[in-house]
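Order as written gives the chain letters A, B, C and D; numbering starts at 1 within each chain.
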Amino acid sequence: MFYFDSDYMVGAHPEVMERLTATNMLHTVGYQRDEFCDEAREKILEACGLQEGKVLFFVGGTQTNATVIDALLHRHEGVVAAETSHINVHEAGAIEASGHKVLTLPQHDGKIEATELELMIETFYRDESYSHMVAPGMVYISFPTELGTLYSLDELKAISSVCQKFDIPLYVDGARLAYGLAAHGNDVTLNDLAMLTDYFYIGGTKCGTLMGEALVSRHVDRVPYLYTLIKQHGALLAKGRLLGVQFNALFSEDLYSRIGQHAIAMAMRLKEGMEAKGVELMIDSPTNQQFFILPNTTIERLREIASFEYWGAPGPVKSVVRFVTDWSTTPEGVDAVINAV
Amino acid sequence: MFYFDSDYMVGAHPEVMERLTATNMLHTVGYQRDEFCDEAREKILEACGLQEGKVLFFVGGTQTNATVIDALLHRHEGVVAAETSHINVHEAGAIEASGHKVLTLPQHDGKIEATELELMIETFYRDESYSHMVAPGMVYISFPTELGTLYSLDELKAISSVCQKFDIPLYVDGARLAYGLAAHGNDVTLNDLAMLTDYFYIGGTKCGTLMGEALVSRHVDRVPYLYTLIKQHGALLAKGRLLGVQFNALFSEDLYSRIGQHAIAMAMRLKEGMEAKGVELMIDSPTNQQFFILPNTTIERLREIASFEYWGAPGPVKSVVRFVTDWSTTPEGVDAVINAV
Amino acid sequence: MFYFDSDYMVGAHPEVMERLTATNMLHTVGYQRDEFCDEAREKILEACGLQEGKVLFFVGGTQTNATVIDALLHRHEGVVAAETSHINVHEAGAIEASGHKVLTLPQHDGKIEATELELMIETFYRDESYSHMVAPGMVYISFPTELGTLYSLDELKAISSVCQKFDIPLYVDGARLAYGLAAHGNDVTLNDLAMLTDYFYIGGTKCGTLMGEALVSRHVDRVPYLYTLIKQHGALLAKGRLLGVQFNALFSEDLYSRIGQHAIAMAMRLKEGMEAKGVELMIDSPTNQQFFILPNTTIERLREIASFEYWGAPGPVKSVVRFVTDWSTTPEGVDAVINAV
Amino acid sequence: MFYFDSDYMVGAHPEVMERLTATNMLHTVGYQRDEFCDEAREKILEACGLQEGKVLFFVGGTQTNATVIDALLHRHEGVVAAETSHINVHEAGAIEASGHKVLTLPQHDGKIEATELELMIETFYRDESYSHMVAPGMVYISFPTELGTLYSLDELKAISSVCQKFDIPLYVDGARLAYGLAAHGNDVTLNDLAMLTDYFYIGGTKCGTLMGEALVSRHVDRVPYLYTLIKQHGALLAKGRLLGVQFNALFSEDLYSRIGQHAIAMAMRLKEGMEAKGVELMIDSPTNQQFFILPNTTIERLREIASFEYWGAPGPVKSVVRFVTDWSTTPEGVDAVINAV
């Protein structure tokens, strides 16, 4: 059986696991105040080209999003995001449970457009009733998006400009960041993300660690009580050093890049193989998530050798399925799928 | 100056005011446990054709919506509503502030469609990821809608059927109910609302009282702690008898109907007069809100004799403006506007 | 029957009612943006001796408290209050429903002590674990307290000093403010409240209006989005002018003072009469709430001529009962109660 | 250096780590729907003597508490807990952030008393104003308590009886459960907890795993949407199998008991050694947390060889310090501390 359900199906990358084992019996203080976390922070800031800044660790993506959005918004504000964004669809209402509305923009291949964002905010403030409405208080985008697509550097700059114009923070969900950075044609770097956003997170869970996400900001002290909010959101890991140790590994010997590159190589092999077989793409994704439109009969046959997920509800005749690669995907698995179509 | 900004621009209808004055010096217990509230409850249940049921009073619409929705939803559920619904647009995020997501459906002349509602819920439960998503836990519609339109009895029955099929409550916002009931062509009665919904409210603030809304349910004890939630939402008026006294007046000598009929007569006079002048309608509304598309120059001229609101942000050349009638609107005012176009 | 249950048992003071009637048919814009509200604001600021400041109107006390506390606290902070405070006991969890903890201090005759407050905050920041705890983010006191007692000017100054020392706002709940200002021996003025607090509210509902509270602050723009939060909390009255009209009346011809003085005269007459009869006081209250410890047999007898409330759960033999006076209380009623003991 | 700060200072117990390593490269589905979680569930139910029931995994204690309390309470209810309880003091307001009040009872050696609990609930419902107050909707206790003490089986039965009498759920926080079960004199078993509570959790983070808590209930389907609430609270680990694997290890070959027994042996060695040196105990704890009252000068000296925490804010001359043992504590470390006093 070959596994393409998602990028969280195995444990940690062996180099990460090795470090966890090597440090297992050491004693450290808790709650990410230990030296491993400090070391990881330094490496991450360096990788981002930041002289100073803030790095805080979380366990998973939903809690990172919910905590950061809660921290950045005032009570009367909502977060602007694509209608297809993870926070709008697949986080079980975590944002609203913290009291905030998700203000949706149309998605274009999973992305929002700077001009539509600008128009939305301008129109809001020109509406006489705006004080009865939820104010656009920050912008959320994901890189890569939930549909596997990427913002170009120009697109990112344009969105960042709009945010600066209206003085609202820009936050980027990087759950699958390694795969975005490594994608062919991508022109956005960690440094760009650090400089063009107010907060973004470097995904660990889906990119090589057991669990963990690293929130990065060029602002040292924008939300001084963010640490307490992490605790309040139940997101403060007692053995915080586990996150420090793992991110240390990810940012040593270029591991984060290598993980991204392998997954992208596998994803492109799959995409090209499927296209060669005449399989229809739902979307042209350059990253580790590939979406195929397949007859239900083909899907049934494929299930015998591979596991993968429906994207949305299945259709009566054809359905969209998602295949996800990661650092553990093998060429054999990819080829087996292609051959079975 | 003639006033068409909204239906909350004067005090109470004289017959309501008279009762408030007459009872002003009487002593009663507080928090709507007095005899006036009891009497109003009886009259309302009778008007709705309910042998038994629940009537609770609130001060305003936003707090009624927020409290009822909070009471009816479980924490993992959201409320389904039209994208143009008041709760989605003009309540400053009150629903989300209580922790709940508004799940939007497309609007068709301000209304949702039963078939789209059914498809949305069915698709939700057929999605493998539904336990990571906000469940559709109730349906909110407004009657009349925010665009002045009305559900026909058949449309209401169809929506009610879908709710029953999936065992989720249907709630109707009747902030302007008097104007819906009195509209020409309307075939929905108070009795229909009582039997086809789980909760609905009879608007007072915009229909003749100083303030106050009456929530009605055929369920005697569906949410036993609803009274406490009213307090928690800051919506429990200390001198609750003020609401009882006013709703007593509204449901005496057919006042609620008379208020509706007058406002509708004035609205139709305005609509027909404007149409005769060639003014373009944004929407064909049979109730007391009329939306006209006017050149900005005409708008400026009209402002000299009448007050009214832009609907949304104004446009560069033409804009949508809203004119609202109520029990205090006079034919002179209406004609003055028509003549000034 | 004579009524002492509370100070919300009749309608509005006749002078208030008269103004409501006189202005009933005038048209104004909604949501407290009308000229009556503006006029009331001016009168209130003048009565408080403020050259500039902010006055916003609410419908009732619980919603005022919930909204202001929500506006002033950051998400990681709680509000410090006496264990007997209204927000901690009798608001059905409205503060927590907005996400905030009430951090309690011991009560001394219903009041908190500045030294205990200071110690609490100091100890908090000396605790190594404080970032895992709810930070004291503001202070709530009521004047008069829930037990009818009053802070002296020195006590108020001392609490205000502590708040300034730690840079956290002080908020005063003045639901029964008229009765505090008029109490014999009281040395706190409106001006003192305005200068020593960040926000306080002048109670209308229990002091002469149908409903309504006026929030006052010497800060013009401390929370720029407070207006939107009022809407979000369902506390923004559509016909806001009703509040403006009523507060205009309260602050005309010294009405607010006269209301306070009458109720205090009645309360002292009752207190002295009861003491002369040997009735035990639960507490020595100088304001319009009087708490007596009476045998249950006496209570039963009194209920035949007067209505009043138990304070807490009744005891097996004796119970605490509360008698409340207001502007409508008559000497006949008071004497009837005294004679019946 | 010897480490007594807390029981989360090392990684996982070697037998746990071994299993994580051994299973690291296997593919499983996510979100605790894998076979390791299923296997762990079976073992846990068996260890609890439950034929059927529910076991769900969380990452940490605060999120477990916040999610379970949120799931069990209606919006108008609060959770009853000792004033010293973790949820009341050290979770940064996570319970209130979900909208719920913590209703405190006095603590007696960290515990609540059944008679006081019963009196509180009875008094609540005898209060005429109870519908304006937060209803006691569930009971939270911790075993061991935050002060290291234990409920006897009789005490637990008495509390459980009160909960049944008023039909409200009992929930037990077992963050340090291994150390309670293994304590000398303890007469409460896993089976007792399963039968006398509605929900309780078996702590992993502080008892041998990298992270993870196992929530157990004899009710199969009391809160059908609990899984979605775990997601909403950001507590659903993507690689859920990590929790299954670790709890599998804890409940294999009696590891959970062995871990408890070792830590207790070390704690008793420390306690007895300190007492022999004349050190004053803050409380007589039979579990792995020991609280000593020491002169500040002694504390300074001890810090040279051992790390440990202040309990609360330090005093001017003497302070309370907490020493915590776990499976990694060595007799050498314990003896070094004793000798250094």
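We adopt the following convention: a contact is a pair of C-beta atoms (placed from the backbone, for glycine too) under 8 Å apart; a residue touches a chain by one contact, two chains touch by 3 or more.
The model shown is predicted, which means the values in this text are computed figures rather than measured ones.
Under the touch criterion given at the top, what is the topological distance in steps from chain A to chain C?
1
Please state whether C-D or B-C has more C-beta contact pairs across its interface.
Greater number of contacting C-beta pairs: B-C.
Name the chain whose C-alpha centroid is farthest from the C-alpha centroid of chain A.
Farthest by centroid: C.
Could you work out how far the Cα centre of chain C sits from that of chain D, in whole Å?
Result: the chain centres lie 41 Å from each other.
Based only on mean CA positions, could you tell me how far chain B sits from chain D in angstrom?
Comparing mean C-alpha positions, chain D is 49 Å from chain B.
Nearest whole angstrom, what separates the Cα centre of chain B from the Cα centre of chain C?
Their C-alpha centroids are separated by 33 Å.
Residues of chain A that contact two or more other chains, please.
75-76, 91-93, 97-99, 131-132, 228-229, 231-232, in rising order.
Residues of chain C touching chain A in their complex?
70-71, 74-76, 98-99, 131-132, 135, 225, 227-229, 231-232
Would you tell me which residues of chain A are touching chain D in their complex?
1, 3, 5-6, 8-12, 14, 17, 20-21, 23-30, 59-64, 66-67, 91-94, 97-98, 205-206, 210-211, 228-229, 231-239, 242, 307, 328
Which of the residues in chain A end up touching chain B in this complex?
Listed in rising order, the residues are 75-76, 78, 89-93, 96-102, 123, 126-129, 131-134, 309-310, 312-314.
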